[in-house]
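Below you'll find a set of structures to go through.
What follows is chain A paired twice: with chain B in the first complex and chain C in the second.
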Partner chain A sequence: MDATLVIYALYLAAIYALMAIGISLVWSSIGMVNMAYGATFAVAGYAAYFAADSIAPAIRSWSTGVDGMVLLAVLTVMAGMIAGALFGILVYLVAFLPIHDKPNFAVRSLIVTLAINLAAVQALLFAFGPQQKALPRIFGVGRFNLLGTPMRLDQAITILTTIVLLGLVLLWLRISRRGLEIRAVMQNSEGAALCGISTRWTALPVMMLTGSLAGLAAVLLSQSIFVNPSAGTTPLIKGLTIALLGGLGSVPGAVLGAILVGFLEAITGIIPFLGQRYVLVVQFAFIVLVLLIRPRGLGGLLDETRE
Partner chain B sequence: MMRADKPAASYAKVGRRPDEVTLKPDGGQLWHRWRPPFSRRHWLAWRGRYNPKSLQRERLLVDKRPLWWTLGLGGLLIAVPFLSDQFVNIAAIFCIFAAINVIWTLIVGAAGIFSLATMAVVGLSAYAAAAANVYLGLPWPLMMPVGAAVGLIFGLLLALPSTRLDGLYYALLTLGIAEICRVSISQIKALAPSNSSINGVASFIPSAWHLQRPGLLLGFAGAFVLLLCALLVFRLVNTERLGLLLQTAREDEAFAEAVGIDYRRARWLVFVLASSALGAIGAFYAMFYRSISLAVFSLDQLLLLFAMIVIGGLGRSEGAVLGTAIVVLIDKGLIGLGPLRIIIVTAVMIIVALTAREGLTGIKAQFQAFRNRKKSERRAARTEKGGEVMPEEATEISDKQLIYRRLFDKRLRDALKSSITPDLIAEHRAKPLGQHSDALDRLLNYFRREEMPDKYAILRVGPLRSCSYRVMALSGRAGHPPRLVDDKLYPTLDEAYHAVFLLRINDLLAS
Partner chain C sequence: MSGTLLAVRGLSAGYGPLRVLHDIDFSIAPGERLAIVGLNGHGKTTLFRAIMQLVGWQRGSILFDGKEIGGTRSLGEGRYTPGIVRLGIAMTPQGDAIFPGLTVREHLDCGAHAKTAWRDRTRRRERVYQLFPQLDELQGALVGKLSGGERRMVSIGRALMSDARLYLIDEPTLGLAPKVSKRVIEALVNIPLEGKAMVITEQNVALLSGAVSRMMGMHAGRLRGEVGHVGLA
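What follows is the complex of A and B.
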């Protein structure tokens, strides 16, 4: 295995981890399977595209050097994350707030988020058509050598950005007051409610946070694929499978699952008789195997201890 | 002989549902039930009773769903020959999807296995049956048994992990298997050379009639029979022994296990049976379209089917059929709207999921529960307002007169409290002993009727000529002296009377 492959695998793992952790967090804190995550991804991708499209000329006229590129990159990522957070609020308002204390919430919220996903994809199709939009290469296209291994600049920056931002999020969950509340709700929502932690006011930052993670993933992944209305479907399915592989609700499990699946995908892609076409099949076969051996996923001891 | 009759007299129009149609059977018909031959079951759920008001014997249909089924399906059967070609086709597609959904409901609702491999089973069997027909020359009547056999084998494979994994994990697994099926079939070049689809499949519709009016009608007839068979399978599995075992397991798994029900085996059996039925439907699907393509495995198709069973209500056959009717009408009937129709479907989905707990067919039960809750809330409010006696206390009191006496007393006090005004008090101060207004009279009469304990009395203090008065309260018990209320001295008797009056008003307002 050469170093380029490792970098590519880590690049995939970074993006999958963003999606999987988002789904996992939502499930464990508010008990909802967020099927609208794919739509969040697509909407954020479009928002980032339009933001970059409208501000790029102004920035280019201001500066064509490194500072201009950094500014464009930061603004695009911000636009994607803000759009993701806003879509997270929408999902919160439609799928969580009206029914979170009603019977059958898990199934009903799954249905509603699925419907939001379908509707948003169709609405994007309706508004912008099926054409694919290419985000500008905000991280540049160059290569550089790190300790003798050639690396693509955008992949390296993606890995770094993901590690930094995920680290910040996990740190925030660990040290801030709001993070403490979220973790309390994750452990025992009834107990948290008895201690005066409102489920409603905890769910809102969770949805915004996970929405902005999806937005970040959208901007990062759009460096190598195009933005189109159904762009979110594959990341959604992969994020969901990785979240389940890691055991729903377990952040370390999700990270481990993302790394495993990223490497699996990178390796499957270069094996001659398998190739890109079989990536999904190999992934599913792997996950089926893991679930048959460990029915609750890699880190899925949380559910059992909760019971 | 029976005749439909409403209760004759108007006094019989009392009760929860006075306008419900009931039959009034004659003597010979009183206990008569129709049974299917060689069984002890009844066709319809009749119940006999005496009308509590008119005291006449009557029969009423407790479960009216068979009537709705007959009306709906019979109406469809009668209406289809008069529809345009497009709508005949839509009706046939509705029947096929409804059959798939009814069987899927059996898996999800009755067996409680959240499988998303429905369309994978259908598609795989359809491919197998079509390949057997096209490449091996199998005649079309044998395609459905082949499809059922393939479905059975596939179902056996799928059922293996179903007892080990739960809920979402199994759903994901089946989703993955569906994807694996799609990709594998697209890669087998020998199976489907052109565009991964098999064309030219033989069918029960003669090829000369293909896409002609008689062919469409025949296709609809076949699909309708398919739907009836699916409903029969649902009925036979869900309401017979297997269904009862599964219902026990759904209500309480530990209890079911304790009484010796092997619910895992029952679930497994239902799953395999349903997969086999889905396989037969798959073969029909290939025959109906005379071809089979990879679109059968697509995620969009699966999500649309999921929308159907969700809108109707998970776990009921009528829900599956109703949801299918709605979604197929929107999806195929309004085809001119383009992508908007998916948005309409999702809007219906969101509205149903947000408002109805169990889909459209659960609305009735939900409304009844809501009405009962409101009713008991109102009852509780009444008890709180009028009742000195709380319901739990009322069961402890054997003399029910006492309860009503206290209820009456509470209402009387409420009425009297509202009549107390500064004018009234001024009137009493002016003339404590006489010629009172009606309101003051009522108040004083109420005070006079009060019980002996804590009734007030006036004590004269000092010699008769230069005496003053004090207020005291009686103990109400023989041998126990009255106690002084306070140490105020009143120079005249009228002032003492008025002081007693004020004390009593104070007590009344504080109660």
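What follows is the complex of A and C.
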């Protein structure tokens, strides 16, 4: 396995981890499988495209150097994340708030979020048509050498950005008061209610946070694929299956699952008799196999048990 | 100091077709420590859960400090619970219904939900550690790894972190060794009330006898009046 392949695998893992952790967090804290996550991804991709499209000329006339590129990159990423967070609020208002204390919330919200997903994809199709949009190469197209290994600039920056932002999110969950409340709801929502923590108010930051993670994933992935109305479908399916693989609700499980699937995809792609066509087949076969052996996913392996 | 802190009138509650509580009437005054004793499955926990609006359905009046927190309801269990908690009722749930993945310190911080309590949390934690010195060394330990007695202490300590005026302590000795049970009850009795009130449910009458101001019996979803102190201890 050469270094380029490892970098590619980590690059895929970074994007899948963003999607899987978003789905996992929502499930474990508010008990909802967010099928609208694909739409969040696509909407954020479009927002980032239009933001980059409208500000790029202004930035180019201001500066064509590195500072201009950095500014454009930061603004595009922020546009994607903000759009994702706003879409998260929409999902919260439509799919969570009206039905969260009704019976059978898990199934109802699954259906509502699936409906949101379909409606949003069709709305994007109606508004912008099926043409693919290409985001500007906000991280540049160059390569550089790190310890003798050639790396693509955009892949390196994607891996780095994901690690930094996910680290910040996990740190925030660990040290802030809001994070403490979210973790309390994740572990025992009734106990949290008895601590005066309202699920209604905890769900909002969770939806915004996970929405912005999807937005980040959209901007990062759009560096190598195009934005189109159904761009979110594959990331949604992969995020969902990786979240299941990692054990729904387990953040370390989701990260491990994403890394495994990332490597699996990269390796399947270069095996001569399999190739890129068989990536999904191999992936699902692997996930089915793991879930047959460990029905609750990988998460249980990582959690500490009582000695 | 007014006469009653909590007044329950005609409270019935249950889950689905099952009716657990039948027209409960009782009240508690500030400074009182009331024990509700009864066997397993006779509605003690459901009574607490009805006060917190955590049961499936309920009807009847629950006045807390003159404010109605009861009423008729058949949906939305738990929806108003955080609001009731913020009015000043702290309930420690039965058994270990707490956060296994949080440390002792984080767990206690969860109890400090009001703004003033949150700012004051370090001092309040110290107070809990004084009451339960064992917890002092376990501050960074995960609650899920503690022993049953230690978990119970964390649960009670969490209730003490808040500004509650009414403590509902559900079965504090459930599943604990007799020695540990005694220590937990001792700690509960030693908590200064000063205008606050505490209701404890318990199956073991002998443990509480003489330690509380009043005792009521509960049987088949009805309160059976004052029990009086049995001289078993």
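Rule of thumb we're sticking to: the second predicted complex is superposed on the first by the 299 of 307 C-alpha atoms of A that agree within 3 Å, B and C clash if a C-alpha of one lies under 4 Å from a C-alpha of the other, contacts with A are read in each partner's own complex, and residues count from 1 in each chain.
One rule holds in what follows: a contact is a pair of C-beta atoms (placed from the backbone, for glycine too) under 8 Å apart; a residue touches a chain by one contact, two chains touch by 3 or more.
Predicted model, so just to flag it, every value in this text is computed and none were measured.
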First (chain B), second (chain C), both or neither touched by A:241: first
Dominant contact partner of chain A by residue count, chain C or chain B: B
Which of chain B and chain C A:164 touches, first, second, both or neither: neither
First (chain B), second (chain C), both or neither touched by A:278: first
Touched partner set for A:102, first chain B, second chain C, both or neither: both
Which superposed partner A:197 touches (first chain B, second chain C, both, neither): second
First, second, both or neither for A:177, with chain B first and chain C second: second
Partner chain in contact with A:187 - chain B first, chain C second, else both or neither: second
Common interface residues of chain A - those touching chain B in one complex and chain C in the other: 102
Interfacial residue positions of chain A with respect to chain B in the complex: 33, 94, 98-99, 102-104, 107-108, 111-112, 114-116, 118-119, 122-123, 125-126, 233, 237, 240-241, 244, 248, 277-278, 280-281, 284-285, 287-288, 291-292, 295-297
Touching residues on chain B, where the partner in the complex is chain A: 161, 164-166, 168-169, 172-173, 175-177, 179-180, 183-184, 187, 299, 303, 306-307, 310, 314, 338-340, 342-343, 345-347, 349-350, 353-354, 357-358
Residue numbers on chain A that touch chain C, as the complex places them: 101-102, 177, 180-181, 183-184, 187-200, 304, 306-307
Touch list for chain C against partner chain A, complex: 52, 54, 75-79, 81-83, 85-86, 90-93, 97-102, 106, 109-111, 113-114, 118, 142, 144-145, 158, 162
